[in-house]
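Both complexes below contain chain A, partnered by chain B and then by chain C.
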Partner chain A sequence: MNKILSKPESLKDNPLSYCPGCGHGIIHRLIAEAVDELGIREKTIAVAPVGCAVFAYDYFNFDTTEAPHGRPPAVATGIKRTNPDKIVFTYQGDGDLAAIGTAETIHCANRGENITVIFVNNANYGMTGGQMAPTTLIGQVTETTPFGRDPLREGYPVKVSELLANLEGTKYIERVTVFDAPHVIQAKKAIKKAFQNQVEGNGYSFIEVISHCPVDWGKTPLEAVKWVEEVFLKTFPLGVIKDTTK
Partner chain B sequence: MAKKLVKGNIALCEGALAAGLDAYFGYPITPQNEVPAYMSNKMVSLGKAFVQAESELAAANMVLGACATGKRAMTSSSSPGISLKQEALSYMAGMEIPGVIVNVQRGGPGLGNIAGSQADYFQAVKGGGHGDYHLIVFAPNCAQEMYEITYESFDIAEKYRNPVMLLCDGIVGQMMEPVDFNKEQKTSFAKKEWCLDGCKGREPRSIKSLLMADGVLEQHNLDLQKKYELIRKNEARAELYQVEDAEIIIVSYGISSRISKNAIKAARANGIKAGMIRPVTLWPFPTEAIKKYAKPAVKFLSVELCLGQMVEDVRLAVNGVSSVDFLGRAGGGIVSDKDVLNKIMELKK
Partner chain C sequence: MAKITVNNNRCKGCGLCINACPKKCISFSDEINKIGYHYAVLKNEKDCIGCGFCYQMCPDVCIEVFR
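After this line comes the complex of A and B, so read on.
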């Protein structure tokens, strides 16, 4: 019998610690597949965030480092500038990337660092129990918006992809999601392209992955994916937001 | 080689370059602006990395990233900027990432002023960031030492996998002095078996400070303490100046040690046996050197450009055997050699 599918080499055997129904596991796998397919595992250095994906270094089977909360783009800059031959990516959640790390995100993008950023947007702080994130939707109930996010009180969801598209330093930005198989396939294509860009020296690539967080959203996994499709994507529409590499 | 007249801040840059610096990351703040300006030219010309970061936080974290890959990187700043870098310093200590951080101190607290100061002693040697850790802290007192100690600090940081801080002050940074650039350019470096350089032909590595499993973080802290103990044993340094017969021993570092030395010469000319122990490392503090000279008949005097920080460590070292007095000024005020001499005279009475 021939083996036609197996776990990517870029993933370790460790069981994931993510909640049941969480999107991180899918996104990890897509990254691992892309890294394998491009044959770059042995020269990849990943920067893990503070947040749910802080444990990424237990799952990825290549070199990884931790970074203080919000600082992965700065850490990645330090790595890439001194190791231009390595493939460097950050994996960050919405609190890490769009709240405490906003300055690092914008300036790393504006410098056009030749790195790849995987931005997991699940509209809340998952690790700490579901507080409001910069990307929390209007009206969304979280641990710290018990009456729903009110723009007069909490402002509006930050659309980081659109924000970064305005910067000349960014080369490729796409928003994808992973709630069903066709979208997972599209997400894989985008992630692989974002790494391919770095291999080719095209510059800064940014993939925003709209992900589901059933436990902190207080939903079943099925309700969560339905909410992504019917509500979440209305505020964060999918598609290529910028591509200057064509 | 003939000596060259340069500012302390430039001597510092040359020391880092001779040590094989791969990357400099900085942010403008007075009185250390010569450093990023000089490095922006040198590093780019040498084909090495230079980034003017968006913030002090980012600059420090760029150092963290570069040094995690085994490269030599540094950042420099002054007091308010160093406060912002404490986050990365705590992580680097926890993750055991070497790196060199320079503080050309200015007056504080808050935005303070841009005059020379020594008010960041506590921050540098007692922690600064969160957690149970130590930086290795050097206190150069002249341009020559800005060059030599910077040169050496990269080796020491890597030897112990621990961040090194150079605690300078605005005066030593800004003053021009002749410097003998006597160090050889470093080109070969010890292989680092821990760094992130891609997992070709080996198991992947990860560098982290998050240790959640039961007891693991405590063990990590115990291991760090063992390392700190080794550093205490190996690296404490002090310059002794006329201490053998001294009845009054000044303890002073950085620019105030230069001022104190003049006062000691004047005191000796007046028949007063004064001397000085100058800590070259502030952490580890040269406790043993001080202890050795602590006798009931000897009076100690800590001279600092702040209102009394190092004096606490002098008291701990002396441990009640000698009296310990203090002289200092704050907010950019400079203690004069006359002030120090008057204090010596007063102690002599």
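After this line comes the complex of A and C, so read on.
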């Protein structure tokens, strides 16, 4: 018997600090596999966000820096412009990218920087204990919306992918999810394509990954993946939202 | 012939691999590991087809698949 699947080289041996069943670990692995398969590990630079993924530099086995509070697109812009031969990507959650970093995100996309953005959308602020995020669903109960999100009071979920698709600077935007194995394989294809785009100099690629956050949703991991399938994806439908690279 | 191995001390016992297994050949261990979880184990090796669905769903990247 041969080993056909195992931890990719671009992930370190350090145990992940995420809660049991968290989608972050799956997404980390997909990025690491994509980087390995494209053979770009020695020239990849990641920019980690604030939030649960703040310790990404402990997990990725390539150069990783940290730009808290929504600023990864700005830092990634600087790194990419001064080192155009490097492959630069940001890894951001919904609190980081869609709330505190909205300005950086939109202007970076509008400038069409040749970077890759991995946006992990789990509909709440995970690290701080499950407060409402801009992407929280209508009616979803969080720490700060104990009676469910009411659009009259808290507004509507922000659909960042659709928002960015309107900008001429963006080249490739796809929404994927990791709630079951076939969708994980599809997510890997999208992430790999987003990196391939950057290698080919196509411009700004944005992958929104719908992820699960069992502990902060107050669910077991199995209930959480089921909730993604039955509820979450109704508000955030999957698919390629924009692709001008064809 | 196929099998999986689970890194016992990395597994957090979330059960996503058990849920993903089409042959239902993974289950929780009776004992707990160093970090206090009932980890995943391959109970019926003869049923394993090496599809890798458990590997795809493992958030802690602690499964290796052999085929």
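By definition in this document, the second predicted complex is superposed on the first by the 244 of 246 C-alpha atoms of A that agree within 3 Å, B and C clash if a C-alpha of one lies under 4 Å from a C-alpha of the other, contacts with A are read in each partner's own complex, and residues count from 1 in each chain.
Definition applied: contacts are C-beta pairs under 8 Å (C-beta built on N, C-alpha and C of every residue); 3 or more make two chains touch, one makes a residue touch a chain.
Predicted model only: the values in this text are computed from it and were never measured.
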If we overlay the two complexes on their shared chain A, which of chain B and chain C does A:K3 touch? Say first, second, both or neither. second
Does the superposition put A:N61 against chain B (first), chain C (second), both, or neither? first
With both complexes overlaid on chain A, does A:L11 touch chain B (first), chain C (second), both or neither? second
Which partner does A:P221 reach: the first (chain B), the second (chain C), both, or neither? second
Let me test your reading of the model: by the given contact rule, A:K189 touches which partner, first (chain B), second (chain C), both or neither? neither
Which of chain B and chain C A:A181 touches, first, second, both or neither: second
On the A-aligned overlay, A:V47 touches which partner chain: chain B = first, chain C = second, or both, or neither? first
With both complexes overlaid on chain A, does A:H24 touch chain B (first), chain C (second), both or neither? second
Take the contacts of chain A with chain B and those with chain C, and give the residues found in both. none
In the complex of these two chains, what residues of chain C are touching chain A? 1-3, 10, 12-16, 19-20, 35, 37, 50, 52-53, 55-61, 63-67
So, in the complex, the side of chain A touching chain B is made of residues 41-45, 47-48, 54, 57-58, 60-68, 71, 73-79, 81-83, 86, 103-104, 106-107, 111
Would you tell me which residues of chain A are touching chain C in their complex? 1-7, 11, 15-16, 18-26, 28-29, 180-181, 184-185, 214, 220-222, 225
Along chain B, where are the residues that touch chain A in the complex? 22-23, 25, 49, 51, 53-55, 57-59, 61-69, 71, 73, 87-88, 91, 95, 196-201, 204-210
